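The following pair of complexes shares a single chain, chain A, combined with chain B in the former and chain C in the latter.
This part shows the complex of A and B:
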């Protein structure tokens, strides 16, 4: 059975992993980031910079790769206080976009989470499983986007091709 | 298939979690117990019939560690028995 979807393997993006108490992270980041999402597994966005609330006192921020150096200059990972942690992780994750009318069907093969609109809304983002691997899943325009550890990307691409063949 | 409620993420599939062992197996001082007691601590996992408190790690999720009570007869996640925390 074939599915009406388009699979896109995305290029690198600027990613920073942030950990620490919300007040401390917010104070250090200042206006370099969108406001911290208050609801677990949700995201906020400002000027093409997204902030994912993906664990207790744990966020990932994403921006276009062209902004990586500027973000690093503003977040200053090597100078941050000891009670927070900021690490550039841009090259550790590979994003895939599954878009099209059957994107939900394809994701239902790969992922145990209920990704229906009513449960997994437009601002939802969460770590879960995709093909048994830890993956960061979120909604995108006309479909679902997810990221896996970079070293699994070729394998996941192969799985997606087989699942949609 | 079991749904486990993560305190951060809510109900999730069991496959996202890793079992972290029973709660309450206090590590004895290996110098103060007999070889038999030490081997029993290392190798024998308590497996009572009924509610047991267990540690779970949301490894393929938010990374949270938490404890739940699970009934070993039914696999149901249950309330803590009266008088326990």
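This part shows the complex of A and C:
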């Protein structure tokens, strides 16, 4: 491997897509979620549950897969009011973790966004491109984590293998 | 003698590391640190190429990317075409060949062109080879005048890489000005990206013996590079050319030798807040008769070979100039043992400081070159007063010329920043920036070291421009663009023929095109045009500088995107199963790869498709329908939103029910088709075609954000949250029952176009009764994590029923038999729902929906429409090519339709087709004619349904 990195194709995680007015979403979710991140391209976290700012009135929450059913029970996607939308999307995204001293270099091959720590901080999260695909990118311990639409995951894995060959 | 022109000492080469290489099949030796050019000169190779059009003998003229005369083709693992010989680093085992010659540059059969030179001036191709067709002659002309071919095989090992970077400051060029800029920015803590095309930092200082504050200038370079290397905020690349300046300060850099062995070349896309252009200046050629002979070189290049590579390109030399810079060159040449026979200076007066440098050398002021002796090598030059006269011949084998210096403004100009002509420098210089950039050093017109860095010591410039030698009695072609064989006479011809704009002159003559992009000659072309038209150069202007500044490998631009990675590709959990079971995989839209068909051993496409279709029509089949676009919509306004985007009514659906619908575009044409299901009061599920899923998503979001921002509709893409196995055929219900489900599958409990949630094979599932085949069909949707297991279960329990996997080829046959439309076939961007016989999908009850007005307007105008029909050839075994035109009587007339599909029907055991035919609905029963190139096929026009026209089977 020409770069000093470890690449992990992560297993499924519990993901829910949330849309609606912040007050309405907060009220419905109660303490099931961390506080809503109001700043664009940021995230909040409580215990093992993260909440990503995706766009105006739009968030994605993530938790370990083991909590999927519990979260669904608390968020009640099918019962939520008409003015908010909660959809389980756990299977729609595949996460990759690139960690190690050269993680930044590998990400510079994959992603056009400036991921320098002076620009893209620890609480940063943003949709951008990875290998030309729409991807959700964020920092993780010792590296970068990103998610792509799961049907592209094989391709992204092929690209990462090729990039680090 | 090996390396007969190598100096005994000196140069930035490693004499302890000899390197062997071959050139045109002959073996030579050089040293580590040489370029191919310096090694060839060291070995006394004079004729290194033949010219593009006239096949004149050519040698090496430059020492960097400006080299106009010698391009080489590299073989073996370096395989690459058209490399300037001066930019090829020497390495052991390198094998190179000249281009534009056969069998060799010394004896080239193409040299016969020189006999006809006067008959083949600029533009002769276009005037001569017009009849009967240019393309008849083009291949042989290109072959005769062609450059090297692209490599025929990919690199044996390694790969290219493209990466992104961001910087506060990008600095192009690590000469004195660039290094100083990098030092300043780096010390200020800025993120600096410094890239330089040379293998070493220093730029012109590498070739010159200058001082900074009394120390050797290269010591200053070494100190600066060392300081930069300690800065974590600085990226410093050598052998990396900034070759393109794009919008928003996006710079493209080609790094030719990254430090990872597995990477052949690396392309950087750098976004910088500020760009500093420190690209130096390029020496110009001088224009006189036979100024292209081997042995005629740029003076600065002679200096570079002498000082940097320890090579003496000749023993006896004459220098020809219009500025002071060659006097310093002469000093270095003399020090290297070259006999400087004379300096010919076109200026009437030469500064004493310059003359003092070369005391003892004959300097002819007000003198130009009136002729050159020698064909394959310079043997002498005729020095004549510029006011005219017979002059004197001076013997020499090396002619070092300097026509002055042009700031290298390519990147500056690519940024769309403006240029101004500076009369003092006789050069185009940077003027007003159009992006966040600035030029420094020689690129900004500061041509001497004392103007660039504090303590720098240099001779003044002192140019008197001379765009071409203009004395009587000159013989031989005077070349403005050596690479493209463009002479002064060609520019004069262009002007005489009315091509008097400098851009037109460029295109007429090809001057300034090619690999070198006219780096040494463009200014002389502009000057020649100015002289001929009596205009100042500012008014003539420059041509557009385009990227790339120097040649770049396509591989470096593509990066990882080659072979399998050229386009994105998507998979489903069943993709591997499909491959393992022999599927021929197709691109199926939106980058999905789906099985086309599943041939058994020895089976062809048609046999496999017939077998799969037979299974669906008489038994059961299953296909992976996961790629269909799927969206969940939530909100109080979803019903009226769906009523707006679909042409029929959706709001009346009850929870659990669904309806097929058409989406129209604003112009009333069909955008997509699909089904909509109501999950509950406020939640909906809609599906789209695979290929249009993204477009429909954008369409909906655009409407919501621009037309209906106050409507409460929230869209979530769930294409990849729900994969589906679609079980279809008369035995579909039995198979699904065998798979196991808690959903009541009885027809009356679960009718056609309805939706149920439950479990299938123990997995949470959404089951939908829709049909794209015309048969009883269940679309079983489960989460992708369960899809592979579901699929295996279906295949396992379906085996006793004879279940077969079905590919997209069979899906196509089945839908044609049923007369179902397909986007891209029947829906071709011209038809509306009425044309397709789907007027029932156009609601008369809704006051409005998207596209309604356009359809009504178009149809109220009358006129003939192409309408969907079925077609049956008289010969049932006659296949009709899809896309074939229908014409009246099969005559060669304007078409009145086209064949949209033709398949072998397993129901009718014959070929059946669909077509769009003018007034087709009224012509059923008539005979139409498909016109082929060599044949006419009579066809009977029918209804566009060949199977179960009442739809009893799919509702069963």
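Definition applied: the second predicted complex is superposed on the first by the 164 of 165 C-alpha atoms of A that agree within 3 Å, B and C clash if a C-alpha of one lies under 4 Å from a C-alpha of the other, contacts with A are read in each partner's own complex, and residues count from 1 in each chain.
Going forward, contacts are C-beta pairs under 8 Å (C-beta built on N, C-alpha and C of every residue); 3 or more make two chains touch, one makes a residue touch a chain.
Note that this is a predicted model, so its numbers are computed, not measured.
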Per residue count on chain A, the busier partner among chain B and chain C is C
Between chain B and chain C, whom does A:41 touch in the aligned arrangement: first, second, both, or neither? first
Applying the touch criterion given at the start, work out whether A:112 contacts chain B, chain C, both or neither, answering first, second, both or neither. both
Is A:141 touching anything from chain B or chain C once the two structures are fitted on A? First, second, both or neither. neither
Contacts of A:152 with chain B and chain C, given as first, second, both or neither: second
Classify the contacts of A:89 with the two partner chains as first (chain B alone), second (chain C alone), both, or neither. second
Touch test for A:54: chain B only (first), chain C only (second), both, or neither? first
Look at A:127 in the shared chain and tell me whether it touches chain B only, chain C only, both, or neither; answer first, second, both or neither. first
Interface residues of chain A shared by chain B and chain C, listed 112-113, 132-133
For chain C, which residues are in contact with chain A within the complex? 159, 161-166, 191, 260-263, 269, 271, 559-560, 564-565, 568-572, 575, 592, 626-627, 632, 634-636, 680-683, 712, 714, 716-721, 783-785
Seen from chain A, its contact residues with chain B in the complex are 40-41, 54-56, 58, 112-113, 126-129, 132-134
Provide the residue numbers of chain A that touch chain C in the complex, in ascending order. 2, 12, 17, 19-20, 78, 82-85, 87-93, 105, 108-109, 111-114, 116, 119, 131-133, 149-155, 158-159, 162-163, 165
Touch list for chain B against partner chain A, complex: 8-9, 12-13, 15-16, 59-64
